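Several structures are given next for inspection.
Both complexes shown next keep subunit A, but they swap its partner, so subunit B is in the first and subunit C is in the second.
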Partner chain A sequence: MSRFVRGFRKYFRLYIRCARTAVSAAVAYRMNFAAGMIITFFSNILFPLVTIVIYGAGLSFPGWTFYQVLLIQSIFTVSSGISNMFFQGIFRETNNAVRDGVFEIILLKPVEPLFYLAATSINPESSALVAGGCVMFGLSAAHVPGITGAAVPVFMLFILAGICVMLGLTLVMAAVSFKWVGNSRLPELFGSVLELAKYPLGIYPHSVRTFSTFIIPVALVASIPAAVLTGRVESSYIAAVIPCILLVLTGIVLYKRMIRMYESAGG
Partner chain B sequence: MKQLIAEAVRTFRTFRAVAFATYKEWSAYRTHSMISLVVGPVYFLVQISICRAVYGSGGADSVLAGMPLNQLISYFGINALIGYLTMDFADWNLQMLVRTGKFLTFALRPVDHRFFAFAQKCGHRILGFFFEFLPCLLIFRFVFHVKLVPPQPFWAILSVLLGFIMTFIVDYCIGLSSFWFVRAEGVRAVFRLLQSVFSGALVPLIFFPSVLQKALFFLPFQYMLYVPSMVCTGSYSLAGTAIPLPQIVAIQAAAVAVFFAVSSLLYHRALHRFTGAGA
Partner chain C sequence: MDETMDGKKTDMQPVITLSHLTKEYKTYRRGSGFTESIKSFFRRESVVVTAVRDVSFTVRKGSVTGILGPNGAGKSTLIKMMTGTLFPTSGTIDVMGYTPAKNRKAYVQHIGAVFGQKSQLIWDIPPEDSFFMNAAIYGVDDADYRERLSLMVDLFELGDCIKKPTRVLSLGERMKCEFIMAMLHNPPVVFLDEPTIGLDVLAKQRIRSFIKKMNALGTTFILTTHDLEDVEQLAQDVIIINKGMKVFDGTLGGLSRTLGEKKIITLTLASRAGKELFSGLKGITSITSTSGFEMTIEADTAAVSMPQLLKELSARCSFTDISVKPLPMEQIITSIYTDSPDFNISPADYEK
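Right, the complex of A and B next:
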């Protein structure tokens, strides 16, 4: 047991050290850091433009007010920000290292490769996205009546499940890049599936709703947590947490298996 | 006269050789292009679902900013398809060449780099035509049952061609900024952001405030994507003005000519700044 605790402490300290280094490295070029934060923020908050246009024209998503839709999109922004900040780098670093045939440098480190990649690819620029998403969330939540304290624990559970989905997708992407060497368009592929999470689930055909709730549960990234806050809870939503956990586990197992297939040849 | 013809033939041969070499080079990565076969339809599914939900809420005959549901769905489909034809990365390529100093090799070649880059784009997009445009066209037509045939094909093809050239010219101008800034990622990122909003890729420009719509007549963005997309749907309007297709295509051609002149000026000024040092 003490060995496990020692191991955990070691990894925790290492992670904190890496996070500090990432922040120091980012702020070394202050202008670049500030510009990066601003660009990241604005390029990721563009999608509510569609919602603004729709509601500005006097139309709506059936059953959803403007601020309720904005609530979905703010939750998506926060989840994306967390994902970009803490684990999107796993794909980027894996993809680059496999393409250049230098992944063995990571394998030689005396820590788990997956942990090493997560710890060394923290992206502080995305903190602007998280902060902006939080402001947007606060603004929209203030205009949505009927949010009760009782909904918050379930909401938090779904938020965590949604972050698991983002992590799972990132790991699967990174694992695929061992075989599909140097494909920088892989994030587009997974990003397109996440697109389904940006709007109320009810606008999609039944098959798409089932797919995005139980097969690749991207709906848990934003639309289901927002549905919970706005009092649209369905008992079947709880079951959707299971595929989220399975997705992360699949991602970890797949990544570890794909490491064994690494050939160091580059591409 | 003979000399002129010989020069034109030589130029065409160079163009064909560069385009073919680029086609062959990128053919090795054709599976990367085929990611669009998933990405395009998924984005389109989301757009269709949004349109149907929103128009449904306003009643079956509702019209949004003068656009009926079918025209809006066609707009998004055509928009995505034109994006595959006109996609460009001349800015990234030129910036990389300047930053690393590799542009020197082009400065020594008996070929104008802008011409070379345009030929590269043509080769690259011919590949895109086969591996992105055609499959997505079939998916949109037979899976989503969207009407994609332009009512006036001549003006549609001409407008798409002009959009293709405009996208290249504007992107090349952005790439030229690296002769002054060396690392022009910020300029590129800001431009991409503006382009995604003001070219009509997210929403048709007629949904924007009237003042902004008027300003967009004088900016290059709408001539890259919005004009070709609207011409393909069969009607064009912006800032409350409906313009007949031949006229808007003529305006688009004039805009291309203006931006070609601007890019020529910038190109010659940029060459004077080039040090070949890299960074």
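Right, the complex of A and C next:
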């Protein structure tokens, strides 16, 4: 067995054990957990109501049917749910640990801090969001004609790329926490950029389309994957995968460098 | 032999070597009051603070080394640099052949750390679950994990406490669990940053007894504390830090001799008398009268032998009780804190 496979198996087992502990901690207060799950679900899954209002008033996004737009928003919901569940905790935990001066507890573990934080900050409350998003996706996909099996591999590639974008943004925000201590409002800034992915790319001016596809490729979170399923794929989209990977790599490198700036708190 | 006559450490088998270690922080000066706050919003003056300045020392393998110093002296910064969680500004640290901050991941596998004011336990679940996760992180196999856990739970007499949520445990129970968390992987070197802070006498004794037992099994401990009893009961070697600088580095015996061979003699007199009764006595450095019947005398036994002094005291007064004690450690440390010069000094230099 190669060293890589052994290392991967070790880290996988470790991830499972840490994640189980994180889930145990999350469900320790049953009512809080249930309420959190319901609040997360409703506060995130109700935004398609705007789409219902727009189309109910006889208006539309040019070239997009109601269910096609709902498809974009269901993909956004699933991607957000995955992001919240598996790696949003990296930012939250880093931000809190740096502000409270307890990040050394993480640095004392003989594993990568990013791995440790991801494994121990799993948020099972967001599973409801993923489930709800999947139901919404199924409903909208059933009303969108022309979705072919051939589109699925490219769709999955873009979904993965979109998740990379969210991971990259999380890592950049977390890295900034080491310098800009207590930056709890930063996610709102990144969240507003992510809003671009909730609607068809075609409604935006050319400069915004270019920015959200190739610079900070948030369009890959939902707009572009939905475009693939509805047959609107452009060959240039594939190039947008590169900035997604670069964003993740930048986030990882930046985080590792910024750890050096950690200054702890007085004893 | 662990120490020389001048209180320096000997028989060196260093497990930790610090050389000219310095840590500087950049911080911002913010004024108080409304105007200053507004001013600092637009323009802040940066200030470089030197938390640790040119500190060098070694720690012997298998020893318990106490690091003492007043609040803000730089003890915690020093210990964090030794654990690899803070990067030094300059200087070098070698712990078991590792450069802590550079080889952090490999290095921390071989150390343990307990921070009295920072918990490694997960608050909402039982410590046993945190232990189980930590064992996996450190790659401790299940059989070793069970054996070590059982040993330490027995030593601390924790029983079923480890199965209760951490939040319901007392501070003493939590601190014992912190020790288990830090030592499950059997590290040869353990750093303790104020491990007995806020604990009652019984919990302190239990923790000290645990440290002694683990030290007897070969674990090296580096301990920062404000509790001098921790040092007196545990440490063989002592390092004192003040204003970021090392002001003492030697054995506990050497530390107790830094102010000379002084003793505190307390006399209960048979009849009321004043301090003048003892004036002119050789070797007396101070006399305090707590009441007319009780007299506390500080004597330098390097200047006068104890039998000679007792003979002189008996000749001058009649007393019903007498006690002779060494100079309290607190007095020695206070003297070093207040008199510490702005350069490093050895115990031998102090005696000069």
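The criterion applied here is as follows: the second predicted complex is superposed on the first by the 261 of 267 C-alpha atoms of A that agree within 3 Å, B and C clash if a C-alpha of one lies under 4 Å from a C-alpha of the other, contacts with A are read in each partner's own complex, and residues count from 1 in each chain.
FYI, a contact is a pair of C-beta atoms (placed from the backbone, for glycine too) under 8 Å apart; a residue touches a chain by one contact, two chains touch by 3 or more.
None of the values given here were measured: they were computed from a predicted structure.
Enquirer: Now for A:199: first (subunit B), second (subunit C), both, or neither, which partner does it touch?
Expert: In the superposition, A:199 contacts subunit B only.
Enquirer: For A:150, using the defined touch cut-off, is the partner it touches subunit B, subunit C, both, or neither? Pick first, second, both or neither.
Expert: Neither partner.
Enquirer: What is the contact status of A:35 with respect to subunit B (first) and subunit C (second): first, second, both, or neither?
Expert: Once the two structures are laid over each other on A, A:35 reaches subunit B alone.
Enquirer: Classify the contacts of A:116 with the two partner chains as first (subunit B alone), second (subunit C alone), both, or neither.
Expert: second
Enquirer: According to the contact criterion defined above, which of subunit B and subunit C contacts more residues of subunit A?
Expert: Result: the larger residue contact count on subunit A belongs to B.
Enquirer: Once the shared chain is lined up, is A:5 touching subunit B (first), subunit C (second), both, or neither of them?
Expert: neither
Enquirer: What is the shared patch of subunit A, the residues that subunit B and subunit C both contact?
Expert: none
Enquirer: Name, in rising order, each residue of subunit B that touches subunit A in their complex.
Expert: Residue positions touching the partner: 31-32, 35, 38-39, 42-43, 45-46, 49-50, 52-58, 62, 64-65, 186, 189-190, 192-193, 196-197, 202-203, 207-208.
Enquirer: Taking the touch rule as given, give the residues of subunit C at its contact with subunit A in the complex, in rising order.
Expert: Against subunit A, subunit C makes touches at 25, 72, 75-77, 79-80, 83-87, 104-106, 108-109, 111, 113, 115, 117-120, 122-125, 129-130, 132-133, 136-139, 165, 193-194, 224.
Enquirer: Touching residues of subunit A toward subunit B in the complex: what are they?
Expert: Listed in rising order, the residues of subunit A that touch subunit B are 32, 35, 39, 42-43, 46-47, 49-50, 53-54, 56-62, 180, 183-186, 188-189, 191-193, 195-196, 198-200, 202-205, 208.
Enquirer: Which residues of subunit A touch subunit C once you look at their complex with the stated criterion?
Expert: Those in contact with subunit C are residues 10, 13-14, 17-18, 21, 24-25, 28-29, 101-105, 107-112, 116, 120, 260, 262-264, 266-267.
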